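Which chain is which? They are A, B and C, in the order written, and residues in each are numbered from 1.
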Amino acid sequence: MMRNNLLSLASVGLAIFALYLLTTSEGSSGLLSALTLIFIWGIAAVSLNLINGQLGILSLGHHGFMLIGGYVTALLMLPAKERRPFRTRLLSDWARDHLDLDKWLRGLGLDFIANSVDLKFIIALFIAGLAAALLGLLVGAPSLRLKGDYLAIVTFGLGEILRLLPNTREVAAFTNGPLGLKGIPGNAGNIWWTFFALLFVLWFFSRLKFSSYGRAFEGIREDEIAAEAMGVNLAYHKILAFTISAFFAGVSGGLYASYLQSVDTQTFNFFVTFFLLVAISLGGLGSITGAMIGTAVVVLVRVYGGFLEMPYPAWVSYLSGALLMLSAFAFSAYIRKARRLRPVIETKHYIFGAIGLALLLVAIVFHNEPWMTQTVQFFGMRKMLLAVILILIMIYRREGIMGRAEFSWKMIFGPREDIPTDEQRKQDAWLSNPELNPGLEEGGDDNASA
Amino acid sequence: MPLLELRNLYKAFGGLQAISNVSLTVEEGEIISVIGPNGAGKSTLFNLITGVYKPDRGDIIFEGERINGLTPDQVTKKGIARTFQNLRLFTHLTVLENILIPQHHRLKSSWLAAVLRTPAYRRQEEEMRKIALEKLSFFGPRLMSFRLHQPVYVLSYANRRRTEMARAMATGAKLLLLDEPSAGMNPKETKEITQIIRRFRDEGGYTIVLVEHKMNLVGEISDRVVVLDYGEKIAEGDYKDVVNDPKVIEAYLGRREE
Amino acid sequence: MTASKNPSRSTIITLLVGAVLVVLLGMRIASLENYTFARIVQDFLNALTLGSLYALIALGYTMVYGIIRLINFAHGEIFMLGAYFAFYAMTLTPLNWAASLLVTIVLGGAVLLVLRSLFNLEEPKRTFVLTLLVFAGTFFLLTFRKLGWIEALALSMLATGAAGVLLEAIAYRPLRGAPRESMLITAIAASFFLQNLGQLLFGARVRGFNAETILNKSQTFQIGQETVYFTGILIVVPLVTALLLLVLNLFVTRTRLGKAMRATAQDAEVAQMMGVNVNQVIALTFFIGSILAAAAGVMYAIRFGQIHPLMGLMPGIKAFTAAVIGGIGSLPGAVLGGLLLGFIEIYVVSLFPTLSAYRDVFAFVLLILILLFRPSGLIGEDLTEKV
């Protein structure tokens, strides 16, 4: 145990050091903003993982929670400016007067805290989380009556309603409608905010997962009826999970709003939920580590995948399409041969390969023709790529990269508790094998049960 | 005061009367077997007692308290636990986790305390692990060493049944409802489970109601046998008397054609 | 197990709620000054058209759900494809012979591939000649004629039907037997994929859809002293819908394949044991659902004059709501739900103009309420789990 704790502490320290180096090095701003995004979306993904992965309930309304968090944070943090519509100023004025802990701290002589950390931001995030958590209660309620895909649709509907509300006239008084709120202070632009927020979130959720409550959640996922029969109050635990999940979703929404320095009605749409869904499915539903891995991959696709959407001469697209199809064909052929699973390459695979070959030939033969040299630009390739990744995961590896397992030092160093030692194996065999254990004959002796 | 009392229970599904005027008294420390042909309503009876279904008429009284209409988790908290005919284990969780979850309802710490790992919480976790091992010890060292950390889906069928029973005990219940505990077991395993059930009562102090089809098991451990047919109680008493009761024979085998 | 003779509690509540709503509507109508009979007729025509379109799309949702218990999130995109296929059919024709040949072969080949499994061909010679004729006919049509809306509609229906079957084969069939949440996630992914594919292939901007002028020409007729304005499409849509529904009904109730579909919807395993080719039936279901969605897409485009790659989102949601209202899994339920939703949408906006911004919110609210309080819909089946 001690060793594990030390290792964990050491790695956190290492991460902080590495991050520090990054912040001081030249030309790393791109990487830093990518990391910031990974941290922010990571918080959202880990919170979604609590419901979709651990609790086993498909929830599609996460973007609604983030939206609440984003707007509330924005409203609280907006700096003073006369030309804003009255209602949007309402919260920020109140916040400026009442949440300004700096004054209070200075009064106590704790200047250094007031100077280094923007406490108002932390409190604003906390309030944003609470607001989202309140809605988590609302969204969690249907989960008591509905199951499976019906419930998923209801959560989707609720998320969409939340998305549509800021556009309506009544709510737009606060949210400034489609124009949104601009000029939010960019605290989250500084990577240390998001880093420590993520650290806290990871600590919180792993503590939760490996506690009795975490086990209760997973019991509900495995078999709700059995869990109830074992004394788990379904209503309480489902609502609890939704509330906690929504809270942190709100926090991540607030961080995102601060990062973008603006929010509007398009910032948190269903694509956000989809994005997170790909992340946690890829990483492994039910695994916090998996959620982070998945988020990293997905954010990197988003940030660095831009090259896919640049203009190219047409023959490049034919060529890359051809290569993709041919390698898919080769891969599936290899997999079948190597695994000896259904070693039949079916017609549909051959068709795929044939089309790939045809495309290749066309690309090579015609690449100087005018219709091949004109430029094409494929917008939306990154989104399509994410969609394809998700479909492939669902078809070929539903449990994702990590499955439900969590990274632990035991994986690398520690003893494996679930594999028997030779002693134990012998004893286990003895217990069940009548040949080794002559006393275990039918109608045999009572000692067999000892 | 009897531990469990069923008074004139009725339950219908649509047009089918599944349970019809069933009354039963279970004293503390008894082992009672409920038998009857398939479809007689035995599992429905368990579902009624544990709160999965609500009785249309009649009362269920546990330790003097009327428990009609309580949800299954509330019933479990009162002290009644069950196993399932078709095994409902938490398949992808480890054996240990399966035995820890039923103890969760006794946890006094809030989720926040759990996250913060307060000393009170830590103490309760320790307690729960101790109890888990204690319940598993009924079955010998089988499930107590490396198997503790194996997911349930790698376990043999007999081991799964044992885990299911240990799980029911781990809820802290006084009354165990065992739904066909020896289903799928060979004669040697059945013999073993018979001894174990008796030890539940003798050493663990549990009161047990079981649904069974294997008459040798029933005959060996039951203090009393209750026979259901088409939702009605048609006989009750000593094993020997019940087995020779013409009504019971007719229910199982049909009437002799004259 | 006989069903209970007493109407269930939720039925009574539904009827009560319905009655209350009707009374409220009546009161509202009475309170509005300029709500004349002519307005009612006007709204009726609009509602009938909108409702018919929703009904057509809803049928696709309900059929697929009935057969494989999947909520086909991507159905709205099928609807969109239908509109675009027709659009290109009308604007790109006449094609040069090479393109014409290509399209005929690809489209013909796809449809043939889909349909060959559906028909047991006993007389090869006759079928071969028939196929040749159809191919030739299509080829000449595409090369020499600028397609009108009816031909475009027919072509689009076939092409979209094939697209639907392709979608099922690629994305859903590999997940046969998987938990329903996984299938839903895949459907969502397919939906996003098709949306972006549409934006890629067709361009993300809104495009005008101009059909025959006769359909779009503004016409009027008089009721008393009021004028009712309508365009030809408002007559065409209900007629075409009625025709399609009639054909569908005949198919489902009278043909062998229709019977196979109903059997598979009830119990796929047993149907298979009775000799039904379940894969074929599922493909057919997607084919029919997509055909109807395509028809709806084309008519929707004519009615509203515009298409864009994301046009399927809201109509898809609304049609799904309609299917749920009527009872998901039930064909008449889908039609009922579609018409109901169309009428509700038009009349509520007409009677409460200030609420028009809440149109979409309203659809979602309705969906959630139905799922929470009457998931079996008005006509549908009941689903519980045995312990």
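Quick note on the criterion: a contact is a pair of C-beta atoms (placed from the backbone, for glycine too) under 8 Å apart; a residue touches a chain by one contact, two chains touch by 3 or more.
The model shown is predicted, which means the values in this text are computed figures rather than measured ones.
Q: Looking only at C-beta pairs in contact, point me to the busier pair out of A-C and A-B.
A: Most C-beta pairs in contact, of the two: A-B.
Q: Can you name the chain that lies farthest from subunit C, using the mean of each chain's Cα atoms as its centre?
A: That would be chain B.
Q: Which integer distance in Å separates the CA centroid of subunit B from that of subunit C?
A: 51
Q: Centre to centre, by mean C-alpha position, how many angstrom separate subunit A and subunit C?
A: Their C-alpha centroids are separated by 34 Å.
Q: Would you kindly tell me how far, in whole Å, the mean C-alpha position of subunit B lies from that of subunit A?
A: That pair's centroid distance is 41 Å.
Q: Return the residues of subunit C touching two or more other chains; collapse runs of consecutive numbers into ranges.
A: Correct list: 387.
Q: Find every residue in subunit B that makes contact with two or more other chains and list them.
A: 52, 84
Q: Which subunit A residues touch at least two other chains?
A: 225
Q: Touching residues of subunit A toward subunit C in the complex: what are they?
A: It comes out as residues 58, 60, 142, 145-146, 148-150, 152-154, 157-158, 160-161, 164-165, 167-169, 225, 271, 274, 277-278, 281, 378-381, 383-384, 386-388, 390-391, 394-395, 398.
Q: Once bound in the complex, which stretches of subunit B touch subunit A?
A: 50, 52, 71-73, 76-77, 81-82, 84, 88-94, 97, 100-107, 111, 114-117, 121, 124-125, 128, 139-142, 145-150, 156, 167, 171, 187-188, 191-192, 195-196, 199
Q: What residues of subunit C sit close enough to touch subunit A in their complex?
A: 71, 171, 174-175, 178, 180-186, 188-190, 192-193, 196-197, 199-200, 204, 317, 320, 357-358, 360-361, 364-365, 367-368, 371-372, 375, 385, 387
Q: Per the contact definition, I'd like the list of subunit A residues that touch subunit B in the complex.
A: So the residues of subunit A in touch with subunit B come to 204, 207-208, 211-213, 215-216, 218-219, 222-223, 225-234, 240, 244, 404, 417-421, 424, 427-428, 431-432, 434, 440-444, 446, 448-450.
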